[in-house]
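For reference, the structures are reproduced in the following blocks.
Heads up, the next two complexes both have chain A, just with different partners, chain B and then chain C.
Let's look at the complex of A and B:
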């Protein structure tokens, strides 16, 4: 009896050396380049102008002035003063934003509606709430830079325009997000208070606020951090602070000063980041 | 003789308002100090703002916005500006997603034995890119790339690279390690492990981060032009500088419409995806 010839042993399986899907990857890369083409035309995307000799020379000269960074005592004192102004503009703007946002939130939140306890909300309060929401949306959707441009045009340069610009835009943002936070939580305790005859403010202070205080605070701290960044940007249109000095130094090609201010600014943002992360962590 | 128990529960004073061991008290005091110091040091000119004069000039300023310029050739210019803004934001975000992924690889520790030598340095770079706002980047890039939407695109790309790079690195580090470990145990090379185990797991998350940033970047791109980096912002600052108030009003309207449209779209998309 003869055995059937045995199948040859297979070579041991090893991982392939090439990426098996390389063809598909190259295809999709090419396809996305074709799709991006109109965007590149619209944005005049010509990276080679970065390395044209004339541009390269200007850039090189500017970068060469970065070192050594400016460090004369007067300059450092000026930077410290302007950094404080940047923080102060952000803080004052946030305070006024809270002054705008808190009443509007109380007006617009559905959880404090008495008529909604029994079925549908009455028509008057419903439209009042919608109107307040509309106002918040308008405040929020004008970028703070545009507010600042308008205020600078009307009352002149200075930190007041920056503070007001931050107050208006951030007031809208805070009002909207506060409303969302208050309505997303459990409203049972609040409604029980309202049903038993407490006023809306009592229901807010003893029902809604304790439930959501941690979340509200942590969002406010996060926004304060964002306000510091935008107060630097507002300086570029003349609202004072670090941004304005940076703009001046850039226009005069004083690279060393720009470098010092950029470093101070990065440190400032990192510090605010650290403080806000620590606070949010301790709030849980 | 026995003392009769008090009729009322033991009388206790309310807790003191300030206690040296209470961290929240110290924090609140510091906060109040910061706010007061801010208002005090800025010497804000409320008088100038709230005076009758300011109200009148504000009113005049507002009235000049009307009627907005709606001539066809200007509307065409605004449409081109809007398209430029959209293109800047989209291209900037795509570049940033690519750059962010490239930088996220050295910035993350992919498995326990990975020594990740460049992790600290790359994270420092990402933080610096992220800390500097788009507008400052645009101001710096104007020197190297000249006026126009190209510097705006690069500025958006640089800032967003920092943001996305950090988010991507977190996503990569938090990916479930099983599949990658299985491939590594088989002796598969690093690139293949990444392409076949780590990337498919985190891809949906990376995409949603990128879309979220695109939404932010459209808003940012609308105002970037104020320093001369193209798009609607450049039209805005140009016409506002020349006191063409009707044209400024049209540009502002286009900007608000763009932002509102993006908001509505993203709200709708989120509702649709979480339904």
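Let's look at the complex of A and C:
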């Protein structure tokens, strides 16, 4: 059997004595340092003031109040109750955020466009997608703290405003990132389903979703973890949960109570981490 | 389903506007229930032709009639309904890695069932016997509840073909169905495909790299070279001389040696080198 023609013999050449890319690399390194400098000046970035003796003393005094951690039964019962409420705020907020994000994702993702299968997306769907993207930008560009301040005025102090604030901001974030995950994955299976006449939702459930399930799940669990952290911050403005208690303890200079509550946060975040790893494993 | 192409030229959507069209104006008619093999060296426009026939992309020139209708003047909804009546099996099997085989095969039914029925089928497979029978035809019945990523490249390709048996389609467009199969499996898969198409009265258009397979299983051979029709003959009238001219400068493809790297076909399943002999 005749094989492919062999490459012609070439005269031996010397190895190049330097990498042609290194000059560009040095240039961009220098350029980024030059660009970073004004930013440091603008933010008064002077980390060494942290280790000045006077400041170290203040830090030390503050940290010393953390010990011993508060552990009276009534306090622990209150922490347990408020932690449960925090988890509930985060979970309810995420659920509402999903309700907002899923339809917007389905509307905005290019991967489910039937007209884009055969060249360019049709004009109507294109502008609809742009509009949905705009809505997602508005939802997520208003920080949840601002939404919470708004809702605290509307519905009063308490967890409801925290839930609504998380739902709106996180709905915008989830919608954007879900859309990007769906578009960056392999769309071959989905496109083939659409080309064979499936509807968009069918193509989503039989092609796009199984293709990207692990990424979507791990991002959702990570966002749930962020929602727990965020519900703490929202507690500071009166949206209930552990954050509100922490705010009170801080104002009363009860360092031990703050310490215990911080420990609960670490445990919650670690839990979210384990849940995410477990889900990824079962889906991947 | 009847196919009529009149002066149809096509350009791949990803191609640069100044690149030569992958398919030069082409005149071709395929009758209802006919079986046609499309052969030709790599880059001849076989896949592009299939994409045009599948209404996956509009022709750059000329008119296409699928089942007596011009798909590109239809409203999008009607076009999508028409697409539901034809089945395109791309060369790389379009299967999400984490999906189970039974779901992947039943996905062939999607155009004929509603959204709720398809969601129910995700929860509990709607027609296990049908999926089993389709897999059985390709000798894969034992893989029914496996996950796709546990299958070999050749098994995935056959799962992709088994989907055709469940599709509510009157036209099967199959792109290189044998690229990941060994010679024995190739013969079996080809036989199954042809028999099943015949039993259903389905029109079958397959692009093939294996010339001997095309000549053995298809009554009509359409040969493309450089995007042009080289010949369109009954299989019995194709001569060795014509094949040699068709594959001139691409002899390795006719002889079955692996293609050189710049013609490399798909990324996913490495095509097993298959020795081919011309009759």
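Heads up, the rule we're going with is that the second predicted complex is superposed on the first by the 206 of 284 C-alpha atoms of A that agree within 3 Å, B and C clash if a C-alpha of one lies under 4 Å from a C-alpha of the other, contacts with A are read in each partner's own complex, and residues count from 1 in each chain.
By our rule, a contact is a pair of C-beta atoms (placed from the backbone, for glycine too) under 8 Å apart; a residue touches a chain by one contact, two chains touch by 3 or more.
These numbers come from a predicted model, not from an experiment.
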| item | value |
| --- | --- |
| Touched chain A residues, chain B compared with chain C | B |
| First, second, both or neither for A:114, with chain B first and chain C second | second |
| Partner chain(s) touched by A:199 [first = chain B, second = chain C, both, neither] | second |
| Chain B versus chain C as contact partner of A:145, first or second or both or neither | first |
| Partner chain(s) touched by A:53 [first = chain B, second = chain C, both, neither] | neither |
| Touching partner for A:160 - first (chain B), second (chain C), both, neither | first |
| Contacts of A:73 with chain B and chain C, given as first, second, both or neither | neither |
| Contact residues common to both interfaces of chain A (with chain B and with chain C) | none |
| Touching residues on chain B, where the partner in the complex is chain A | 23, 27, 34-35, 37-39, 41-42, 44-46, 48-49, 54, 57-58, 61, 83-84, 87-88, 90-91, 94, 127-128, 131-133, 135-136, 139-140, 143-146, 148-150, 152-153, 183, 186-189, 191-192, 195, 219, 222-223, 226-227, 230, 233, 236-237, 240, 252, 255-256, 259-260, 263 |
| Footprint of chain C on chain A - complex, ascending | 1-4, 114-115, 117-119, 122, 188-189, 191-199, 201-203, 205-207, 210-211, 213-214, 283-284 |
| Touching residues (chain side chain A, partner chain B) in the complex | 14-15, 19, 21, 32, 36, 38-40, 42-46, 49-50, 55, 58-59, 62, 84-85, 87-89, 91-92, 95, 137, 141-143, 145-146, 149-150, 153-156, 158-160, 163-164, 229-230, 232-233, 236-237, 243, 246-247, 250, 253, 258, 262, 265-266, 269-270, 279, 282 |
| Of chain C, residues touching chain A in the complex | 13, 54-58, 76, 80-88, 90, 92, 94-99, 103, 107-108, 110-111, 115, 118-119, 122, 167, 169, 251-252, 255-257, 260, 275 |
